[in-house]
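Here it is: the structure, laid out below.
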Amino acid sequence: MKAERICIIGGGGRLWTIQFLKDLAYNRDTHGTVVLYDRDGEAARNNVAVARRIMAVNGAVGRFTVTSEEELGKALDGCTLIIISIEPGSTELRRGDLLLSEEYGILQSVGDTTGPGGIMRARRAIPLFVEFAAAIARHCPEAWVINYTNPMTLCTAALHAGFPAVKALGCCHEVFHTQDFLAERVSAWFSVPRPDRRQITVDLTGINHFTFVTAATWEGHDLMARLREDLQDPHLFDDRTAVAKKRLAGEQWFDCDQLIALSFLRDFGALGAAGDRHLAEFVPWYLQSDEELHRYGVIRTPYSWRERQAAEKRAKVFTDSELKAEKSDEEGVDIMCALAGGPSLRTNINRPNEGQVSYLPKGRIVESNGVIMRDSIRPIMAGDPPLAIQNLVRHASDVQQMTLDAVRAGDDELLFSAFLSDPLMTLSRSRARELFDRMLDACSLKY
Amino acid sequence: MKAERICIIGGGGRLWTIQFLKDLAYNRDTHGTVVLYDRDGEAARNNVAVARRIMAVNGAVGRFTVTSEEELGKALDGCTLIIISIEPGSTELRRGDLLLSEEYGILQSVGDTTGPGGIMRARRAIPLFVEFAAAIARHCPEAWVINYTNPMTLCTAALHAGFPAVKALGCCHEVFHTQDFLAERVSAWFSVPRPDRRQITVDLTGINHFTFVTAATWEGHDLMARLREDLQDPHLFDDRTAVAKKRLAGEQWFDCDQLIALSFLRDFGALGAAGDRHLAEFVPWYLQSDEELHRYGVIRTPYSWRERQAAEKRAKVFTDSELKAEKSDEEGVDIMCALAGGPSLRTNINRPNEGQVSYLPKGRIVESNGVIMRDSIRPIMAGDPPLAIQNLVRHASDVQQMTLDAVRAGDDELLFSAFLSDPLMTLSRSRARELFDRMLDACSLKY
Amino acid sequence: MKAERICIIGGGGRLWTIQFLKDLAYNRDTHGTVVLYDRDGEAARNNVAVARRIMAVNGAVGRFTVTSEEELGKALDGCTLIIISIEPGSTELRRGDLLLSEEYGILQSVGDTTGPGGIMRARRAIPLFVEFAAAIARHCPEAWVINYTNPMTLCTAALHAGFPAVKALGCCHEVFHTQDFLAERVSAWFSVPRPDRRQITVDLTGINHFTFVTAATWEGHDLMARLREDLQDPHLFDDRTAVAKKRLAGEQWFDCDQLIALSFLRDFGALGAAGDRHLAEFVPWYLQSDEELHRYGVIRTPYSWRERQAAEKRAKVFTDSELKAEKSDEEGVDIMCALAGGPSLRTNINRPNEGQVSYLPKGRIVESNGVIMRDSIRPIMAGDPPLAIQNLVRHASDVQQMTLDAVRAGDDELLFSAFLSDPLMTLSRSRARELFDRMLDACSLKY
Amino acid sequence: MKAERICIIGGGGRLWTIQFLKDLAYNRDTHGTVVLYDRDGEAARNNVAVARRIMAVNGAVGRFTVTSEEELGKALDGCTLIIISIEPGSTELRRGDLLLSEEYGILQSVGDTTGPGGIMRARRAIPLFVEFAAAIARHCPEAWVINYTNPMTLCTAALHAGFPAVKALGCCHEVFHTQDFLAERVSAWFSVPRPDRRQITVDLTGINHFTFVTAATWEGHDLMARLREDLQDPHLFDDRTAVAKKRLAGEQWFDCDQLIALSFLRDFGALGAAGDRHLAEFVPWYLQSDEELHRYGVIRTPYSWRERQAAEKRAKVFTDSELKAEKSDEEGVDIMCALAGGPSLRTNINRPNEGQVSYLPKGRIVESNGVIMRDSIRPIMAGDPPLAIQNLVRHASDVQQMTLDAVRAGDDELLFSAFLSDPLMTLSRSRARELFDRMLDACSLKY
């Protein structure tokens, strides 16, 4: 395979960047250069040192050279692949995203994708991604771009808005967790060891973090039929407040039992294919109160923890064993290899709708399965979910489109259209407007 | 013109039936027979006597013969026109439609179109309209059918579901009131006497009671531009609680200042084209509480008044002067004449979507302008409203379609999909389910 | 009504210009200024003198002032209405349009709309109309534009391509003739005097000169059913060569019996709504030879006659009685009045597809019914014709779109795609290419 | 893997059946039963003997049991896979398909897919496939069905018309040949050994035998760009009559140089992805005469050879070495294994359009890439070809749809709509009708 030149935008990050570098070191088929770029130049430079340790620890020295660049243009020059994983604005700005709406009774379990928090975050992120796209158009228009940043859909959409010919996709592991959940169930249903998630074939449709499984098989068995049988169990939806309390005590923010995912299957006919904490944010019924949310075993990630974690990540000193690569569940390096001509890959991708999601307009960024081949990604047609699911997804996608249009036009009145239309926005119009004005003030980028 | 044979289903009613008969007596161009049919045969028979007085008072004796029929098939035989204006189930059932959801904090200002009340009413009405359609297919497949019954969209949709070749339309005067409102404004803006509403040309799009004006002109003046100037007035949306209190005291349930209609223009870019009491029911922001609603000068019609009014209507004795016709604002007779070959008519109609509303699927019942000609109705393409409006209307139309599908399939689990998806349904899922089950019990037809 | 300022582009013409001025003089409701503009300035100036005689003869002096302008920008300044009726390139260029393809066995009865001749004419016309559009955008962007020039569809499309916000429509009287034909049949079927064509209601769909009637009524009678009965007559399609010979002798180029129009009804299920000489050019089956064409009573207009007629028109001296106005059948002035706020008009129009023709892409210029109101034109949804008709119309519309794209891009290789795809192009590929290259050479504008 | 029960309808055939059985014997992963069914029971029984020899020669005895059945229902009972490869009507009927239209100057190089011959063949085949579908619905509704019969599109469409839930696909090797052609070119361009066709990734769109490649890569190289360079060679399209003559002499009916496929690339912007003899039949430009066709090096298969070949196939005695399996290029067995849970397969398939071909209506049978997985086939979105290609394909697909509708309705007048609309039908209307009536008479099934 040819040498890659990979630019990581947000290369100063301590999570995705490190993980990606480890996967790169682990994979034996590629070689080339990695350029770390970060608005926080020092963070990027620090990660160069970590990267070199990763290469050393994994015996990959020589295969990949790692450097940093202060200027975006220089970082992009000659690149074949760009990874984007940034925090749009400082962690401090998320305080406004999350805590202000809480004052008005609007709770968010994540707040980075949808709802008032997601919209404010998008307002910060979209201009950055439009700029990235313009720089890519100038410096490496043929490069492939993988976005990991949330709000995934809108950041990926902003890349396409800024450079329509961009070869970009958005990647997210939430669907993998749904496959893991199904693999767990397979083990129970068929008394077999838990299969690898890739053995669970799913048909997918929707938008990132609000994706749905309409069909799932393992070894030819119809898993949806099995799940529907499970739904007959009168105890399936029993109150899980006790579990939630334990999770709170243990700071297990990301754990869930897919009860909300299953609730969509019960009430609307398709299985939610993201963590419950994401799914809950797209509809008004689950985040009524922490008590209500706890009934499903789901807890909210507190802002204070995010703040603490951000500080810890910055201060983090990695041990060698933390830098030692095993095969992670992330697919970034596999995708890179497939695009470079290695084995093709069928996986869930976020791409402009060419028709693969029949009930959304062309051009919207949608999540469904696709085939990744040498220098080409082709979406696979998704089966249609029940109308009730189409309706919910379309509503969410429309709000995203309004947000994109408003932010690109710099029109905060139009942005209020989106804000008011969000499914979580069940305030009176005047309270909603008050919250909106306060959030505009508190959640804006200040450079 | 040829003799008409008109069947009024719900011919025992004391409002529409009487009004239609007066319009018929007033119009000099038509003649024929009117057959009153009502599930309550006595009410129909009583109205025959009233009808004859109407013909006498208006000098129309001889032009129209009025009879009643006990059997629907006989009533329909040979008909050229059918008017349907019924109450789907007794007034008592509306108690459940309105009062149960109120216990859960879901207020409805009308409750006959959308929201929990509208869905339960639709559940009673749809089977009746499917039956009507089947009878029409058998007895007078070539007849035109005008439906006035709410939920307008779903009753008209049920006619088409029951008999796909039915020549049916739904008629509603709410848009007329929007034209009246604009005529009033024209008078103020241009210092002219208030023009007739027909002088106000509007471009319309949406579904019944949730229709929007995207363009309006009078004598070539762009009225939307004028309204947008009005929106600059900082006092336009001042609190109208005092007005609302007066309206409550005066039992003026139907009065409004179109402030919610204007609020849609302000926030979403198109003017609501129905009374505020209807518009408010399609979104979660206005019916939060009576206090909130009163701020817009809008009040809810109490169930007790409806009960009292139903009793009064039944007991009503008309004076001769009450039966004397003037030109009313209703268009039923004009439509009948246009279909019979009289002057063609351009007006708002509820018809299956052939594409006139670009953002809704084909086949859905939509409200837009149309041309009514001899034995033919052709919809006029509606201009596209902003995406925010498209999104709200599509959401509402999807819930209606789910309701139709569920009721036709007799599938109350599917109906719960619709119920939960309604924009007013901002309860937790479990509370929503509890309400749904109680309403199923309280709001069903019992024959 | 307000004063109009009307610019006639092609104001030196001796046919449409004179007719339009007569209609203007006849109509009592309008007043203002007419500016004649023509690339041939002398022709425009000559027509000013004729125009003044028209106003005098019809007692309209004072209502309309007529002048000419040498410069297009000046002619357009302040205009409220623009009429375009030009000859794209000299009559001499039509020699190539018609006679070259004849050498290859491709006969055309008109050659101004479709086929090799129509494509070459479009290649000359499109850049002119793009220029007109740009000038209108600069000088009078609010003016309405009525195009009468062929190829109607592509000239109107070029206006929209050059200035997307242009308020333009294309008008053509071919559908009127179909109404006249039906009126004639009504007279025979019902033994009544021939009704006015406006009494014949038609539902229309297609593109200019290849439009189809899917429904037609007169006084509630289904005329399509009657026509289908006529089709049972075994002599209906009897050979009309003798009639054709008479027409040839009498130079009655435009006469026809609508046998080809009826042939579409027989074979494909919808009635052609243009003269047979136009309809025949869109399909390969009728213009195989003059002998074949004569069987339908249709004759081709020879180029020599066109040349002679052009010379005669230029030399024409009008008598006063020729300038005296009666109500003509053209609707230009009626449309102008409707747009100015006079009585609204329902008629056939050529406008961008918003969905009124369901089987063609949005944006294509289509012909169907529309409502013309004060400063607004709204298309009426057309009923769908049988698939066979949809297929033929779509094929023709696609070739037009390719032609537009190719000429705008100045790409003659792409234009060859269109040329080869034309239904009349049944030559071998190499012969087709030879003809194309020769026509490019012979049919181009030379300024 | 589970045991398969495979029914071959047309199991008496000597080409596909034998090849499929050899592939089955060659593949080591499957086992089960093969049931041969043929309207000609004796042919099926004879093939049982051949089948057993195949199993013996290939050491596959024990893995597959082969039997025959006289009754279709019995043959289908319990099946997991059905292969259909039949001759719809005797070879003798093809005489009418091909020779009658030749009398009228309409030449066909194959005559089994499109054109007058294809339409008449479809008229015979469609009712048979509707019957097969009904039997499958009754006897093995869960079985997968692979159709190899021509007209591929219409036979596969008829299966879906007869049993909408059928799990069917159509398979054809023409695209493989295009891949082979590209592999050959790759070898020349890059001076490498000819790669396996599976190394050539193509993006595909269209309908069977009229499919187009819009993108092709090998090892990341853009092969379309290379082909466009080839098109610059002024000798590429030099007259190949001499080659054609040699092919005629050698009875090499199926050989071609893809010059017509390349001609589509030159003139319309996408590469034809079927043999020239198929592509030529969908447009009027190549089959003008044998002389014209020979210029492209293409020859027509004469009817006399077909007759002779049919007799030879019936009389054929296989030697052991002819029955020895190697890996053939057909994919039937690979598809079966993929559906049973073996390695998934990305290949070209004929399936109902869910949107994978954006410019054709939903439901039409289209050819594009798809992913075949355990019990599931998902189409891959095809990239859009230039409008000129969309237009040609849509035209052909519309004619197919009209044919399907007409044959299902038993309406030969509607079938004439299709017949006249076929791109090869460049006769006058009256000659076309005469030919149609003669073909109806000569080409019908007589049982």
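Some points to look at:
Per-chain residue numbering starts at 1, and chain names A, B, C and D are given in the order in which the chains are listed.
The working rule: contacts are C-beta pairs under 8 Å (C-beta built on N, C-alpha and C of every residue); 3 or more make two chains touch, one makes a residue touch a chain.
Computed from a predicted model, the values in this text were never measured in an experiment.
Interface equivalence for B-C, evaluated over A-D, A-B or C-D, points to A-D, where over half of the contact pairs coincide by residue number. Centre-to-centre, using mean CA coordinates, chain A is 56 Å away from chain C.
Between the CA-based centres of chain A and chain B the separation comes to 45 Å, rounded to the whole angstrom. Those residues of chain D in touch with two or more other chains do not exist in this structure. Chain-to-chain contact here is organised cyclically: the chains close a single ring, every chain touching exactly two others. Those residues of chain A lying in contact with chain D across their complex are 201, 203, 215, 217, 219-220, 340-341, 344, 346, 354-356, 358, 369, 371, 373-376, 378-381, 383.
For chain C in complex with chain D, the touching residues are 263, 267-269, 284-286, 288, 292, 295, 386-388, 390-392, 394-395, 398-399, 401-402, 405, 416-418, 420-421, 425-430, 432.
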